Structure formats: C-alpha cells, structure tokens
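Remarks on the structure that follows.
Residue numbering begins at 1 within each chain, and the chains themselves are lettered A, B, C and D in the order written.
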Amino acid sequence: MAHLDNSVAIVGAGDYIGTAIAKKFASEGYLVVAGRRNGDKLEPLVAEIEAAGGRISARSLDAREPEDVTAFLAEADALAPLALTIFNVGANVNFPILETTDRVFRKVWEMACFAGFVTGRESARLMLEHGEGKIFFTGATAGRRGGNGYAAFAAAKFGLRAVAESMARELWPRHIHVAHLIIDAGVDTEWVRERIRQAGGPDNPPGLMPPEAIADAYWQLFQQPETAWTFEQEIRPYGETW
Amino acid sequence: MAHLDNSVAIVGAGDYIGTAIAKKFASEGYLVVAGRRNGDKLEPLVAEIEAAGGRISARSLDAREPEDVTAFLAEADALAPLALTIFNVGANVNFPILETTDRVFRKVWEMACFAGFVTGRESARLMLEHGEGKIFFTGATAGRRGGNGYAAFAAAKFGLRAVAESMARELWPRHIHVAHLIIDAGVDTEWVRERIRQAGGPDNPPGLMPPEAIADAYWQLFQQPETAWTFEQEIRPYGETW
Amino acid sequence: MAHLDNSVAIVGAGDYIGTAIAKKFASEGYLVVAGRRNGDKLEPLVAEIEAAGGRISARSLDAREPEDVTAFLAEADALAPLALTIFNVGANVNFPILETTDRVFRKVWEMACFAGFVTGRESARLMLEHGEGKIFFTGATAGRRGGNGYAAFAAAKFGLRAVAESMARELWPRHIHVAHLIIDAGVDTEWVRERIRQAGGPDNPPGLMPPEAIADAYWQLFQQPETAWTFEQEIRPYGETW
Amino acid sequence: MAHLDNSVAIVGAGDYIGTAIAKKFASEGYLVVAGRRNGDKLEPLVAEIEAAGGRISARSLDAREPEDVTAFLAEADALAPLALTIFNVGANVNFPILETTDRVFRKVWEMACFAGFVTGRESARLMLEHGEGKIFFTGATAGRRGGNGYAAFAAAKFGLRAVAESMARELWPRHIHVAHLIIDAGVDTEWVRERIRQAGGPDNPPGLMPPEAIADAYWQLFQQPETAWTFEQEIRPYGETW
C-alpha cells in the first residue's frame, strides 16, 4: 500500500502538531481524514489544504467515545483504504498528588490512554483486512519518567506506551507498523509560549520544537521499509538539556 | 515511627502474596489491617494470625471505590498510626488486541492502576500528617514491558509504576518512602500451578516464587534507613530466565 | 553544511553495513572516505562506486590506533569538509565467563568501544572548527542488554553507547548531531547465514536485515533538522521477535 | 554456605564504602579479606576490627593486574571458603570530550570495568567449585546515564554493568548471586565534602549518603533467599533529587 489512493487518519488534529501532520501528508498526496473535538475549528485547515490542492475530510470527534472512533476510522477507510492512523490526543496536567482528583486522573487517562487503545485497536481491525498499515502514537517524556506532580499525566502516557509496545509485538509480524514517537521538548505553541512568559521566560524562547519538525519525523517513520522498522523514536531540539 | 504501635494496611490481601505479607508484619508485631473483595475469605488468616499471638483487623474492600479506600485507610490509622500501606491488587489478563474489549481494558486499569493511585494518595494524606510513612506497590514485569497480548494488563501496570515514581519524587523529601517492587516470576499459587499443568507443564514446577519471599522483600524495603532508600526493586528466583 | 562539497567518513567499512553506507552516501553525491583493516579489500567497492559516478577514497585503517584514526579523519576533512562520521566497527563474540580471557575482553573493547571513543573525539575536534557536523555510532542490542555469554561484547557495546550519550549531551548544543543506531537483528551477511545453517536453520532465513536498510536509516538520521534530532534509534525487521 | 566459616573479599577497600563494608561483615562474624592499593593504609581498619573482636586479612592489591586479583581471591578462599566478593573500585573523572585523553579513557576503564570483569570471573571460578556464592558490584548513576563530560567514567561504569548483567544471567542458575548496587548520590567522604565546599556549597551538606548505609544495603542483598534475588538495586537518600 502506501501509494496515493490511501487515507491517513489523524485522531486529535489539534492546532499545532495535528495540523502540521495533516498538511505534510496532504502535500504528499494522501487523503487526510482529521478529527478533533469542536471540529468546526478545522475549517481554516481544510481551506488551507484545499487551496494548496490537497484533499482533506474533517469532522468533530470525541476520541474517548469508542463508537465515535470506530465510525470515524470506518469513514476514513471507506473514503480510501486506511494506510496510517496517527493518535495525537494530549492531556498534560500538573498537580501535587493530594490535589490530583479522581476525576482528573480518570479524565486524563481516558483522553491520553484509553482513547489511544481504542484508536489502535480499531485501526488494526481495518488494517488486518488490508494485510498492512501503520499506527503511530504521539508520546511524551512523561511516558518514560514519572515526574513530580505528573501522576495523572505520566500514568496515562506510560499506559499509552504500553499499549503501543504490546500492539507492536503482536502486529508487526502481520505487516502493521506500530510506532511510538516521543516528543522530548516543549512544542512551539501559543499555550507553551504563554506558560514560559508567565514563568518569567523570554518572549521568543529557544528550544521549542516546531510542529513541522514533528510532522517530518512522522513522515520519516512512514517511509521506513519493513525490513528496518523503528518502534520508538525520541526527538528533541539540538539545544534541549536532557 | 515504625515502632510497634503502628498499623500496616494491605489493600488487596489475597490468598497468596497479601496473606504472606500480613503474616510477616503481624509476626514482627505490627497491627495488620487487611482489605480485599469478599472479606469473609480473610477469616482463616485472622484466625491463624491471632492464634500465633498477632493482631489483625480484616474487612471487605473494593479498591476501585475511592470512598471505600479512604474509609479503610482512615480506620487503619485510627486503630494505630499508619506506618505502611502495601497496594497489592492484581488483574492479569491476556487477550489478542482485537479481543481486548473496552470493558476489560477499563476494568483492569481500575483495579491495577486507578485503585493504586487512590490508595497512594489517601495514604499520603494520612502520612503527611504524621511526617513520615511508607507506601509500597506490587509491580510486575508487565510494568516495564508491553508483551504480546498484554495491552490491557501492561497499560495498567505501566500506569501504576508511573504513579509510584511520580509520588516518590514528590514525597521522599517529605520523609515518605514510596517504592515499587517488581515480581519477575510466576508466584507459587494454585492458579499458576493449574495454568502450568494445563499448558502441559510439570505438577511441581521449578522457578515459582514463594509468597513468603515477597513478604521478606517488603520487610527489607521497610527496614531501609532514609539515607539509602530504594525506589524500584526487582526480584526473581535464581533459576528464572530473564 | 550538508551540501555536496562535503565528505563522509566511515570507520569500519566492512563488507556489508559499511559497504552499503558507502554506496548510499556516494549515490547522494557525497565524497565517501572509507577505512578498514586490510584496506585492499575495498578495491571492489571503489570500483563499483566510481563506475556509478560516485566519489570515494579508501585506505587501510586500524581503528584501535588513535594516531591512525586522527590521520584518517584529517585526510577526509582535507579532501572536503567532514560532514559526517559513521563508526561501524564490530566485534561480536560469545564465551562462557570462565572462558572469556583477559585478552579477548580487552581486544573486543579496543575495537568496539575505545576505537569509537577516539573516532568520536577526533571527529568532534574537526567539526567544532566547522561549527557543525554529525557523528553516528552503530550499536547493537548488546548495548542495552548483557546476555548470557556476552560479557566482553556487551561491556564494549554498553561502553560505546555511554560514549555516544555523553558526547551527545555535550555536543548537540554546539550543533553537532551525535546519534546511536541500534541494529536489533541479525544482519544479512554470509557469516550470519553460515552460523544459522550450522545451528540447523534454513538456507534462506527470514528476519535478517539487509545492509541497505541500515544505510537508509543512517540517511534518515542525516536528514533530520536540528530542531528535531534523535539520539537513539532502534531498527529491526517486521518479523523479528523482541 | 553463608555461615560463619566463610570469607568475604573486598576488592577496593577504600577509606569510606569499602571500610564500612568491612566493618559490617566483620561484625556479623565473617572473615573479611580486604585489598586496595597502598595496603598499608588498611592498618587502622585492621586494628579497629580486631579490637572489636572481628577477623580481617588485609593487603595491597592492584585490581588492574589479573594475576594479583587471582592470587588475592585464592588467598581469601584458602583462609575460609569465599562466600562473597564485593568489587568496589572507583574512578570518577569529568573532562570535556576534547580533553579526555586516550590514557585517561583507558585507565578509568581498566580500574572500573576491566578489573571488575577479572574480579567477577575469578570469583566465579572459585564459587562454582563450592556450588554457591555471591558477587556484588558497586555501580553508579553513570552506569545508566552518559552525562556531559563523563565519556570515560560512564563508558567504564556502563561496561561494568554489562559484565554484571551477563554474569548474572549465566551464573544465577548455578546458585551464584551476581548483583549490581547503584549508588545514586554523593557518598559522604572528605573528598566529596571538599568538592562541595569548593563549589560554594555548605560545610555540612545534606543529601550525602553515609558509607554505613551502603554497607547495610549490601548486607540486605546478602541475606536474600535464592527464591527472590535482586540483580540491580538503586539507593539514594530521601532528599536527593532524581
């Protein structure tokens, strides 16, 4: 597969990473199928991709609702055989342990782990029919390190990583490439810049990763031959301390 | 603290590991407070510990219900200041990814991760009042490796490990020892022996870890001075392949 | 940099991986500078690359001799500014611990670790002058796991990984991309095929990684923008059990 | 074994950790056999242990000389069957990569890795004759993380960890407990205190680990039943940031 009569589904097509991924794969000729909460926010992206001659289908999607995920992926696959699903739902929070409520812990897990599990499983169901496919998950440093104040976020991201690894071991031999891309840096978004400003940092902070670089990393993973697949890849800017 | 006017709470006082832990800490003089589903199953344990001159309080506990966990720990602390909580709820399942239902994924997480988070947080709330305490979590190899067929179990166990690590970073400086004990072996239980028999294995398989050895490992962790604490410790039998 | 007036140095240009890397980078227009023991064995590679219109300079190199490595890299940099060094010296051996002699342990380390350290340091010395560059190390699973019988090989490969990581932390902020590529599979070489045959395996074993796929992986790393560099990447064939 | 007619050999019986280990095992009734460079520096330790009623044999030892190590361990085993060897040679240095000379890189490796390999192998040779024994290695955080400026030290410590892990996989099934204890903190030594003072730190810095706590951790490892052995254990003070 992986020719141009395929679709690429993005679960969690947010303003930054998801948007950059959509533009990249549309520019390479794929039909992009993008879902996010408040799907009307995708209108500018649709306009931009279509103006550039690309193809995109966008709609609202609540990734925590399994039936919605199943329907979303089935629609994508009906438009054109699903070659790639990227799960990109985030849910970063930081609370001292005593202030981490049951509700927050559960909600962050539903968004960042449970939704990823459902997205992966339902993508696999379609791709096993095709005999091939790719399922990529956006991970974070919190998927490998439980930092102070990150019990909820790290538990969800550790869990997502476990799902990805378990699926990779089962599905690689069936020609489905499951991978986990770890973004070990702040992403250059307005929200991150504002947090840095509030913490007394510079207006134009160095060390933020442009969303386009993440899209390029996914494109590289997508290009790998099945004789040399990567399960986990970590990216960070040259100047980041780690 | 850590003298004999203290209680030790066991969340998930099952037939094997939990029982062995209860006997060990009771034999060392602590008041053991044991909770599990179907608390009436604890009656033989209570009888055995009391016959040996130990002290134990046992009752039914659904660790997935935060209010029940809060009450259980408060009761323990009221009986005698809570020196140690051990979270020992298991939920091992194995399914191919397509057969891993939403319900199973969620339930395993509620038992092995969410319940651990609540147990940890509520123990910390009590122990921070005392200015000291210990919170230990029973982990498994699946907390570090997402094996084929273990998406649900590994996601929960990875998540539990994240909770433990995040709590350790926050609470160690406040004199609360949070640790994660990884059992990298089959535990010698009737259920495990039956699975081995069904798989064509021997009636008396080598390489199973006796529950008493796990209790001893917890006792060692409990004895560590705060100048040299361990966060994560992995134990396996000498003959286990790893 | 990274335009076509640059050289790419390969330390350990063996018959398989090194050869594939040389062909790839020569085909992309770079001047390849290849070194290995018994440099006359490089004659067919030189002929093949030149016949295809590429540029290559080849010579004998004992990577365990620091002065030889320094001279080799200086020669490469004099031919054209050094954009990339790939360290690709292998030394896989397996002995029970009691049969692992001092001499073997030391020699494997000199080849797979010490030579890598010298290659990295001397490359950095040249690249820091240019203000940029890339240094990649070929790693193995034995760099993360000390297997039974691999005390010598794993000690060397662990050490190489430590060198790479330490250099990455120091040199990334100075625009030098240091990376460690882990090959988690048998490479498709005549030697590996022979070992498989001797172990009773098939004449045409599945699951071997073609050297060309490794060269492609290095090419991908080489293409990464400095806003999203990878330090460590692991590749294995889709059918490999891990 | 492990009764009181046994010897415990310490390779690298330095002023702090090694000394504390010697006192601990002597106080538990074992015959301690201690080696270090400049063995005459061991005289006060010998006097102290003997004054307390303990037994110790001390002498000069260059752990980088295999024949010296072999003789040292044979002497220990001749005095009383060797129950435990602890390898405790350190070699911490920090240099920018360009200033890390071949000589330093090689010497640090000879002290911290090669000597450990020889010590482990020669101990195993004796213990396999007894059918049991224990071999413990003192590790450091640099055995898991290649920090900026630590190419030489990390390469050696990574290598030591690889040796320990490889030996553990081979020797555990033969009843020899091989373990790796990671000290993730500054040890409370005069040298460390001086470095902290020079860096502008306090005269009485918090967060240093007392050597006695390390000795206690080794004692705990020594006590583990073979049904529940630990390969790797990390210890740090409660207040340490990690």
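Everything below uses one rule, namely that a contact is a pair of C-beta atoms (placed from the backbone, for glycine too) under 8 Å apart; a residue touches a chain by one contact, two chains touch by 3 or more.
All values reported here derive from a predicted model rather than from experimental measurement.
In terms of the stated touch criterion, the partners common to chain A and chain D are B, C, listed by label. Counting the residue numbers that touch the partner chain, chain C and chain D have more than half of them in common.
Centre to centre, using the average C-alpha position, chain A and chain C are separated by 32 Å. Averaged Cα coordinates give chain B a centre that lies 46 Å from the centre of chain C. Within chain B, contacts with two or more other chains are made by residues 169. Contacting chain pairs in the structure are A-B, A-C, B-D, C-D.
Interface of chain C with chain A (complex): residues 169, 172-173, 175, 177, 209-210, 213-214, 216-217, 220, 223-242. Against chain B, in their complex, chain A makes its touches with residues 66, 96-98, 100, 102, 105-106, 109, 113-114, 117-118, 120-121, 124-125, 128, 142, 145-151, 154-171.
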